[in-house]
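Across the two complexes that follow, chain A remains constant while its partner is chain B and subsequently chain C.
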Partner chain A sequence: MSLYLRQIGAIVRKDLLLELRSRERMTSMAAFAVLAGVLFSFSIDTATVRPQDVAAGLVWMTLVFGGLLGVGRTFHLEAQDGAFQGVLTSPAPKDAVFLAKTFANFVMLYLVSLLVLAVFALFFGLDVGQNLRWVVFVLGLGSLGFVALGTLFAAVATGTSMGETLLPVLVFPLLVPMVVYGVGSTDRLIAGRPLAEVEGNIRMLGAFALAAVAAGAALFRFVVED
Partner chain B sequence: MLTLLGLAGLIFLFYLSFFWVSTEIRQGIAQRIFYVHVPAAWTAFLAFGISALCSGVYLWLRDDRLDRAAMAAAEGGLVFATIMLTTGPLWGKIAWGTYWTWEPRLTLTLLLWFIYLGYFMVRSSTEDPEKGKRFAAVVAIVGALDIPFIHLSVIWFRSLHPEPVVVKPEGPSLPGDMLTTLFTGLAVFTVLFLGLFLFRYALEGLRAEADLRARRSAA
Partner chain C sequence: MSTVQAETARAVDSGHRESAVLEARGLVREYGPVVAVDGIDLSLDAGEFLTIFGPNGAGKSSLLGMLGGAMRPSRGTVRIRGAELSYSDVGWRNRVGILSHRGFLYARLTAEENLRFYGRLFGLSDLDERVSARLDRVGLSDRAGFQVRHLSHGMRQRLALARALLHDPDVVLLDEPYTGLDPSAAQVLRTVLEELRDGERTVVMVTHDLRQGLQLATRVAIQVAGRFAWERSAEAIDTNGFESVYHRVVERT
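On to the complex of A and B.
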């Protein structure tokens, strides 16, 4: 078991190191998040809509679109120079490769989602205050579910001739539960409602994330086999 | 053979639903679309179920026949889901006063339709057919696993759709002739789907065989 964890750790370390040096995906996701916040601010007529009322939905949409930008390129660099063959021929089992890739993506997307929250709090004048811990937690669960599905289907999309353009078609229909539960709970938490109101939503979001990770770990081997 | 039987049954179903069955008192003549809508819905879900099941077993056994079955069923499912998604709004406009509403079953069908659109896009955009088969199977399985989540989440979101009128503990609440027409519809659509399904399945089998022969003669 510890070998399994070491294998995961090695791939996670490699991916994060690669990202730290190239800063390719994080930069594009972070820039996207901030710029989306700017555009969204201008897309709302504050005379008719209070920005706080729609902020939760916009946070999640930014997370989904920005996440797609970064997660879609999970295998891009490695596929380009054939390094992914090396990862696959290593003794690490395929589900360890998937879990490692998912975890590395999770770290990146979670950081971005916190940035998104900060940006929207700033631009929209949100007062998250008392429920901040829980909003951060909910964003974590959402990021986890998203990267699990995203990583699995990024591997699929990379293998097709359409590439990343296929990713939204594959992932968006599957993400509906995540958006429903995620926005539902974030919205109420931001509005300062008690936690008990959204407990069910958070549980479902957690179940969704776990199911996505489990399904990805089980099915990833069929996507990458040759 | 089954396809012909299904087509003949379709004419009979149209006769029943247009001329024979009594008109529903509150919704009037528009309610007759029910006898196409509900059977199409049932068939679409049956087809997607078969497709997901065959996909799962395909990844396990790697028998090409299973992949062909999954694809043939998915194609049928997409057709019947399209029927359901076109008759639904037509009826909805008259019964509910709106073409579209984010109602659970409607949303679920729309999302399923898109999941299977992805299924076919993945298949057609891979150069290596074996890879396409595996990718498509993964899409079908993840789609099937996601259904309970989608279902629960969209119910939680909102509901306007009528409650079931046939399968419930107290027994069916539909009048006899409507029930007869509905069950005729269900039977006809199922037969028609199975006919198309087997037809498509056999066609794919022939295509695979022709490919094999062409490759052999080329070698």
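On to the complex of A and C.
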């Protein structure tokens, strides 16, 4: 295995180990997901609106807002005792650092997105059995695009006095394409529509995720270098 | 020219030397309108131990940050063994070890996990032996499995030193290493730092502790307002009278 991949592996392993011990981010994201699902289910008048019709949008909004709680704290533990400075002054390339932190965030957010899906399936009576694997795939693509942008801008926001308050202001406008294609795909897949109807949306979602990862890897060093 | 300036001009080596391990030319670091480091030249051979004293705000940490590649100079260059530091090529970072007053340690990782993590980032192959040897050297073998948050400040600083030396760097940069240490922890640190004077490494230490700084140094500089206002070989320094020299230099500059 090349040094580059071993460096990525070391950071991913460290991030997941820290999360396993602190449970700081997963707990807040999971709690938000469950509470949002419950509250949204009470906020809909089922006499006038079918829960299934609005579920896809609410799933993605829960994912975005919940994800921000976790991704926004990506560099919180790093800041303690200047640990991230130690990473930045190591021979690990900055793009490797970004890819590693994005991947660790992706693992966490993807688990949360599956929880969100389960919560909404329960409270909104969704039947996603027919297209379950494609819904799970779409949520994976969305999670990847989100964490790539979120990780990059969390690094930007960490260095500012406004910190986490600034993060949604920076990230949300850039997430519009992801939400449009993600909701469009999820909505039809949940409704049991054929895959052919959403292939274009899924491709766009994939392109968005790849572009976000590539842009993050290219720009990260400009954000973190002093 | 004042006496201080004249003495400094003689002591500072401004020419390029092939033997230099660490070399800085015209280093400047600006923070907006504030000039923290104002055109410092530096040339150190293997085995040299430069201690830099100076008041708060003199730009000492900024200088160390630039020497270690932690921050870009606004102007000027840094060379390690003749190769100019390039931020796109990170291979030279294997040659530099940095110990800050912050330990660069993860509080929820154990002492051993911290060293293993950094060892993997540096691509070290004999990690088991290195980690074990470094922990033993700083007297933390029996704390290897303790999370850093459960270690005392002195233990953390010793672990941070083990981290900084894990990859056997040619150049070691120490920023206020004695801050907050009790006498016994300071003694352990001093013993390890004395071992760095092995004739092969180049060490730059920034400290406010005049006594500790003079004990280890082969060269001494006093930095004021971003410049080396005074610089000497350690042999030429009267240790007992240094405190008054320090105050004189700081007040005049």
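Simple rule for what comes next: the second predicted complex is superposed on the first by the 225 of 226 C-alpha atoms of A that agree within 3 Å, B and C clash if a C-alpha of one lies under 4 Å from a C-alpha of the other, contacts with A are read in each partner's own complex, and residues count from 1 in each chain.
The rule is short, and it goes like this: a contact is a pair of C-beta atoms (placed from the backbone, for glycine too) under 8 Å apart; a residue touches a chain by one contact, two chains touch by 3 or more.
Not measured: the values here are computed from a predicted model.
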{"item": "Clash or fit (per the criteria above) of chain B with chain C on chain A", "value": "fit"}
{"item": "First (chain B), second (chain C), both or neither touched by A:Leu18", "value": "second"}
{"item": "Which superposed partner A:Gly159 touches (first chain B, second chain C, both, neither)", "value": "first"}
{"item": "Chain A-centred angle between chain C and chain B, computed on Cα centres after superposition, in steps of 10 °", "value": "90"}
{"item": "Touching partner for A:Glu225 - first (chain B), second (chain C), both, neither", "value": "both"}
{"item": "Chain B versus chain C as contact partner of A:Phe42, first or second or both or neither", "value": "neither"}
{"item": "Which of chain B and chain C A:Phe172 touches, first, second, both or neither", "value": "first"}
{"item": "Chain B versus chain C as contact partner of A:Ala10, first or second or both or neither", "value": "second"}
{"item": "Chain B versus chain C as contact partner of A:Phe208, first or second or both or neither", "value": "first"}
{"item": "Partner chain(s) touched by A:Gly82 [first = chain B, second = chain C, both, neither]", "value": "second"}
{"item": "Nearest-approach distance, in Å, of chain C Cα atoms to those of chain B in the combined model", "value": "5"}
{"item": "Those residues of chain A which chain B touches in one complex and chain C touches in the other", "value": "225"}
{"item": "Complex interface listing, chain A residues touching chain B", "value": "149, 152-153, 156, 159-162, 166, 169-170, 172-174, 176-177, 180-181, 184, 204, 207-208, 211, 215, 219, 222-223, 225"}
{"item": "Residues of chain C touching chain A in the complex", "value": "65, 68-72, 87, 90-91, 93-94, 96, 98, 100, 102-109, 113, 117-118, 120-123, 147-148, 156, 163"}
{"item": "Chain B to chain A touching residues, read off their complex", "value": "59, 107, 111-112, 114-115, 117-118, 121-122, 125-127, 131-132, 134-135, 137-139, 141-143, 145-146, 149-150, 152-154, 156-157"}
{"item": "Complex contact set, residues of chain A against chain C", "value": "3, 6-7, 9-11, 14, 17-18, 21-22, 77, 80-83, 85-93, 221, 225-226"}
